[in-house]
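See below for the structure under consideration.
By letter and in written order, the chains are A, B, C, D and E; residue numbering begins at 1 in each of them.
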Amino acid sequence: MVDPIVSLKNVKKYYPADSGLFGNKKKWIKAVDGINMDINPGETIGLVGESGSGKSTMGRVLVGLEKPTVGEVTFQGIGIENYKKKDLGKEMQMIFQDPYSSLNPRMTTANIIAEPLVLHDIGTKKERKKRVDELLERVGLSSSHGKRYPSEFSGGQRQRLGIARALALEPKLIVCDEPVSALDVSIQAQILNLLKDIQKDMSLSYLFIAHGIQAVKYISDKIAVMYLGKVVEFANKEDLFKQPYHPYTKSLLSAVPKPDPELRDRERIILKGDIPSPANPPSGCSFHTRCPKVMDKCKGSEPTLEYVSNKSMVSCYLYEEVNEVKESS
Amino acid sequence: MEEVESVIEVKNLKAYIPIDPRTEINPVNDVSFSINKGEIVALVGESGSGKSVTALSIMGLNSPSIKYHKESAINFEGKNLMGMGDRNLRTIRGNDISMIFQDPMFSLNPVHKIGKQISEALILHKNVIYKKVKNEVYEILNKVGVSDPGRQMDNYPHQLSGGMRQRVMIAMALICQPSLLIADEPTTALDVTIQAQILDIMKNLQKDTDLSMLLITHDLGVVAEMADRILVMYSGKVVEEGDAYSIFKQPLHPYTEGLMSSIPTLEGESEEQLEAIPGTVPNPSELPKGCNFYGRCKYGTEKCKEQEPILEPLNGNRVSCWYPLKGRNDMSG
Amino acid sequence: MSFREIFKRFTKHRVAFISFIFLALLTIVAIFAPLITPYHVEEQNYQNLMASPSLQHWLGTDELGRDVLSRIIMGARAAIQAGLIAILIPLFIGVPLGIISGYFGGIIDEIFMRIVDGIIAIPAILLALGITAALGVNLWNAMIAIGIVFTPQFARLARGQTLQVRSEPYVHAAKISGAGANWTMFKHIIPNIFPPIVVQASFNISYAILVEASLSFLGLGAQSPQISWGGMLEQAYSLMHIAPLLMLFPGLAILCTLLAGNFMGDGLRVAIDPRLKRV
Amino acid sequence: MFIKFLIRRIVYVLPMMLITTFIVFSFILLIPGDPALAILGENATEENLQMLREQLGLNQPVLIQYFTWLADVFRGDLGESLFTGQAVEEAVFSRLGVTFQLVTTSILIAIIAGTILAILSVLKPKSWIDQFSRFISTLGAAIPNFWLAMLLLAAFSLALGWFPATGFISITEDPIGFLRSVLLPAIALGAVGMAQITRHLRSALIEVLEADYIRTAYSKGLNVRQTIINHSLRNALLPVVTTIGILYGNLIGATVVIESIFAIPGMGQLAVDSILQRDFPMLQGVVLVMIVIIIIINFATDIIYSLLDPRIEYD
Amino acid sequence: SNDETTGSAQDTESQKVRVGFNANLDNFDPVHGSSGSDHALLYPVYDTLISFDEDLEPEPGLAESWEFTDNETLQLNLRDDVLFHDGTPFNAEAVKFNIDRGISEESPLSDLSSINGVEIMDELTVNLHLAEPDSSLVLALADRGGMMVSPTALEEGGDSYGQAAVGAGPFEVEEWSPNDRIVYTKFDGYWQDDHPKTDQLEVLIMQDEITRINALQNDEIDFAYRLPSGDIFSLENDPSIDIVESQAVPVHILYLNTSQSPFDNKSVRRAIQFGINREELSQAIDYGQGEGAYQPFPSDYWVYNEDLQDLYDPDKARSILEEEGLDNVSVSIGYNATAYYARAVDVLRQQLDDIGIQLNTEAMEITTATATYFDEQSVPALLSRWTGRPDPHMTMSLLFSEGSYYNTGSHTTEEINTLLNEAAAVTEDEDKRAEIYGEISRIAVEEEAIMIPLVFQPEVIGMHNDVKGYEGNLLGKPRFDLLWKES
């Protein structure tokens, strides 16, 4: 068993929602509320969940853009707060959702891509230029693109530039925050293929965030399903799709429209109601307000993330007995 | 085959934006189709392919910078909407044809209560006052699955969730019992589980009222769930048209095929590589001479480069390709 | 968007570009004023007081028989100087303070913004008046006063813009790669908050000219022998019943300059903000 | 909720007021020219000066002076004029009414004219009326208010005699006389406001008219007029409301020049006189009251804002 | 209540005269005011012990007659049956109270400093005992020091007396809004039966001269005091307006600090004295309406020295400088930043440039100007106005005696000193006084150039032609109580 390159230990990130009358903070948005997770070298973890469930926040905490309110993120066993900001950048990078605002509009693409190299004092000017050209070619652009400004590129091309920048320092982990959501279907596939290729070449780890589950399925090894700041199910991709356990996961999978008209009359789980606000999450299991299988117990206290089978971890009282049985046997 | 009544018929719709006296951009280029009573027709295609412009042409709501070539015609209940003045068009808008838009967040006026907004079309077209129509508003909200409609009517849009807002949009569009509903990407901004709720509601309402619907989306999954018939658009043109079942079984146009294979499916083992369509949509101001898809098409030939294909019937569907896939498969097989 | 592109877009905006040319010419005229004026600005002629426009004196003569055209040309100097200097102070003091305050936030930002709020609450012309009263009455001090008046506005603008840019993903990307405060500020924040500040500055240049004119009109701005349009108007006002024409040309000079300045500002804004294309 | 909102506003505003008044206070002391000297004039012997300074409390450290003043303010006592001995609050309030009426009138003129121009302009973009209103608004922003005042005065009151050239009549005394006396100065003062409101409202309207919900409104069958009135104006007024708050402050400042041209006994004149005379308590009082007014106006605009925009809540 | 009176003013017999005036009044306490310009606002309320006529000759006031019983005693015989506004009788007691107050330690007044004590002879007679002979005392009693305030009111008012005004003058103050307006109403108990002729007097403070013209033209005031000289031309054509132009003692001068460089050098001062063309200056700034000043007194005044008529001699100025080897002289002056002085400065700069003196000017607002020149003495010269005094002796000694506030460098000569003392003792013989003051003027201006007199600006009064009763005076401090309107 390899050591994880990154682990999150009970990570929480709360944002103040209301600064109160005299600055006494009263309400908190629990964007991320107690997450434990390991990411192994070369592995891709997909993170899905509804909008506002805390996916991006988790990504930002992971790369050190934000300090967790509670808990710890360790990189190769050492807490990231012990790294110099700069050194951390060599290990972890991020690709952003919006291909428009993630590139400085006043820098040439060559400068954008070279920026991490300059910041880390890598190579001479000439060497850096060579490296930039290589990177441009690696992501499917040509070195002549280097002189242009981001505004002269299409969304898909910009996303490639973002990838090239993230690759510049040859990091070990890249957090991809919905890198394809803003793109057209046909372009999405190009980018997903590119990411997958690169991973193969460079044995990278990805934390791949998306709220469309298809893309996640295509690229991930393991998938974490988030709901209101918590991971409610975590499993290998195959296992998750073969046997989803959490009612939320089930409904999520069943809600995804199938591109086959023959299937349109299948049974689907259609949830009632909306996702509650993270500033005011329900008591107990946060899914209980929408859960088709809600029990009294769910409203009282929170279930914890436990293994149900050998492979899948679920946070749901429906499987408590399974666990108990397992434990007792 | 029994004679079906068509609700709307779009004929040779060609929109242009003059750039300078000699050049123009055609966001929609010679598009023809019709929608039958009680039918859901889906319009799919990449961003910028002209879906919204087509829809807004029917409503007469394109920005004034967009003009139409004179052969364009949109026939609705025996009248040509294209030639109709704005005054007459207004009596149809919201009353006989209504529309819902992509982003429910921005499509509702933030400063008015939703009850007022829903009733507005009714008040306008039926010449009544708000008090009189409160009941109808209540009913329609109930129908689109809004819980506690009485209270929600007095709320402002910002107090509602995204899904609720889209329900309100639907209620607003349907309050005058139109015969045609145009839905421009009604669920793109929503989460999957909410999308499922909304699609479900739309489908049920459509069945109940025998509504005709033009559903615009770029999500083939949604198309497969909803549509009776599909129109595939690519850079301003319809490249393929046909009934949903046959298109999904056997797409005729390479672009349609490409679209289908670029979505990762949830079923089965995951592929090693997605079949992406290489390249990007051509810039509308510098379209190639021949087929617009030439250059991204893996089957492209010299002929495709030189000559523009036209939309021709094939196996009951229509396709605009020199080498439709069906034909190809037939030949090879 | 590159600066070249902005300039290209700007030149397409016809009125703005013409205004720009006008202001550029005005600046050149101001620089070479002593060489250009048809008469010496101090040349007095008591035989020809407050004369109407004529072939000799295109815009007539003033209360001491001096050539009005020459004095208006010379007055452009004070105007341009006032505009430029008054803008340099906020640019070099207000903007950096705003950037630092916005970038680092926290308690310093709190205190700083309260002070800015406080100063902004004092009506601008009163503040300028007080400052000139404190520093002494002349053009230079008036310009400093106007500069001080503008400083909190620019600090606030710079701060707001910094807050916005600071949370752009591209700044996050740089931070992840190890960019420190200096790097972020110079490579990312300053270039991106620069355009709105330039736009604001171009409007404020005209506003500075206006405030300078107001102060001079109140007798607290430029002073003889320094010629300023506001000062000319002060004289003209005191002679409004005997020589009403005197108040026409200096007023028009201010008006045209301000119009040009505002048109240019509009053009710049449109050029910089692609969303405003159709406005 | 509202009470809490109010308290929070006050908590926010209080330090700002302290800072502002302290700035003004210390600033005043930087202004050369000893008020004691100004009062005594040629009789200023060293002894007399010393005595007077002591009497006026001018020889104490700034901070002590400031806090003494502040304590008095909390007791509702703004001090006395160094020259006339008049109670500052009395002087200021007698003039406040004048300035308030003047500025409010000019703001109203600006709002009405600006709104009409902006609506006309967006109704028919690029038409002559649009061009005209844009030109007027640019012109309004570029025309020096004192020059405009001079021109208006020369034309409408001296040449044509339609309006009085000097003085002010309170609205409570004689509404017609008030209108006649206030119109020219209010226009001179309000031109820039009109320009700003036209500009802001116009661009806000254009922006709003591009919003998705306008398309929704059209899709219901509303015509342009209905759409603008029911769906755009209120939304577009939102940013303008904030402009008006700021504008009010600017116009209060601008009265300094306009009041002197039209010989209107308002706060602007009082402010200038007290700066020039070094009547520090008076100046301090004027500035304090101006700031309080500006704060109140901003507060009012906030409330109007929250009435117009249901998204704003008091907490 | 206010609009009732204004409203009824039109339709009943009661009459109101509206005056536009240029200066603010700080304080109604005559002893505490400092400005030279607020007398006109005090006169309607306060009668003075002694009055003066157009030519500044003393006239009976509250004192029916007076007499120097010896060189050091001035006896005043008071008018009978005079009441203050509050009913307090005016008598010797009241005079003593007022004079004592004027000469007390705390009093900032300096005109009465020669008085040692006041002796009540009987109910209506007082003797003023002097420390030294003082020929200026009579007219000093026509100034602030002679304004009689009700002792009762003073005792009641204490420190805050200046807010109210209780005198024995023809009007009572009905409303005072500082820096805006003063409304006076007729005092029914005034000792003179046919005075005043108007029921109400409203003085609007309009510091800006243009607004005074505007208001006059638009019939918002009936009477405008002190209009810009040039506007004589513009108002001449208006048939409803009368213009009265007169001479007065206030004079624009260049104060020089004779203890500071370069004005410690007499040659520089004299060069300037001879280098300035007053006629041209007056032409330029007053459009030929005023009078060039070569001494502190205007030509209509009895102390005018006929021999000091024209000092302009640029050649002489140049040669003075040349003799001393003074080239590249540059002098700095401060001036009050008004349009009028700005014009003057432009002319002076040209003229001095002509004789080889470079003039640097520094504009200041009025308070700064006074403070920096007189008190801080940080500018060596000031272009400003001498507001004039009722008696020439006051002017002479304030401007030229050693240690006087207005003689900033305190430069004087033995001769001037002697002459001043001599003149102080001459209480009766006017010709003799005129001769002495003429000589002092000559020495101080021509020889020593202690200050540079520039121009007498004309006193221009504009009024609607139904306004009657105006009498100008050389002091330039008009008596508004005389005005009335012909119906």
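Convention: contacts are C-beta pairs under 8 Å (C-beta built on N, C-alpha and C of every residue); 3 or more make two chains touch, one makes a residue touch a chain.
Remember, it's a predicted structure, so these values are computed and weren't measured experimentally.
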Smallest count of steps, each to a touching chain, taking chain A to chain C: 1
Which chain has its C-alpha centroid at the greatest distance from the C-alpha centroid of chain A? E
Using the touch rule from the top, work out which pair, C-E or A-B, shares more C-beta pairs. A-B
Tell me, please, which chain's centre (mean of its C-alpha atoms) is farthest from the centre of chain B? E
Take the average of all CA coordinates in chain B, do the same for chain C, and state the distance between these two points in whole angstrom. 52
Between chain D and chain E, what distance separates the C-alpha centroids? Give it in angstrom. 39
What's the distance between the Cα centroids of chain B and chain E, rounded to whole Å? 91
Give the residues of chain A touching no fewer than two other chains, as numbers and ranges. none
List, in ascending order, every residue of chain D touching at least 2 other chains. 32, 158, 260-261, 276
If a residue has to touch 2 or more other chains to count, which residues of chain B qualify? none
Quick check on the complex: what are the chain D residues that touch chain E? 32-34, 37-44, 48, 81, 83-86, 91, 94-95, 153, 157-158, 161, 164-167, 173-174, 260-263, 265, 269-270, 273, 276-278
In the complex, chain C touches chain A at residues 1-3, 5, 168-180, 183, 187-188, 191-192
Within their complex, state which residues of chain C touch chain E. 42, 44, 46, 49, 63-64, 133, 136-138, 219-220, 223-225, 231, 234-235, 237-242
So, in the complex, the side of chain D touching chain B is made of residues 211-213, 215-223, 226, 230-231, 234-235, 308-311
Of chain D, residues touching chain C in the complex: 15-17, 19-20, 23-24, 27-28, 30-32, 138-139, 141-147, 150-151, 154, 158, 203, 206, 249-250, 252-254, 256-257, 260-261, 271-272, 275-276, 287, 290-291, 294-295
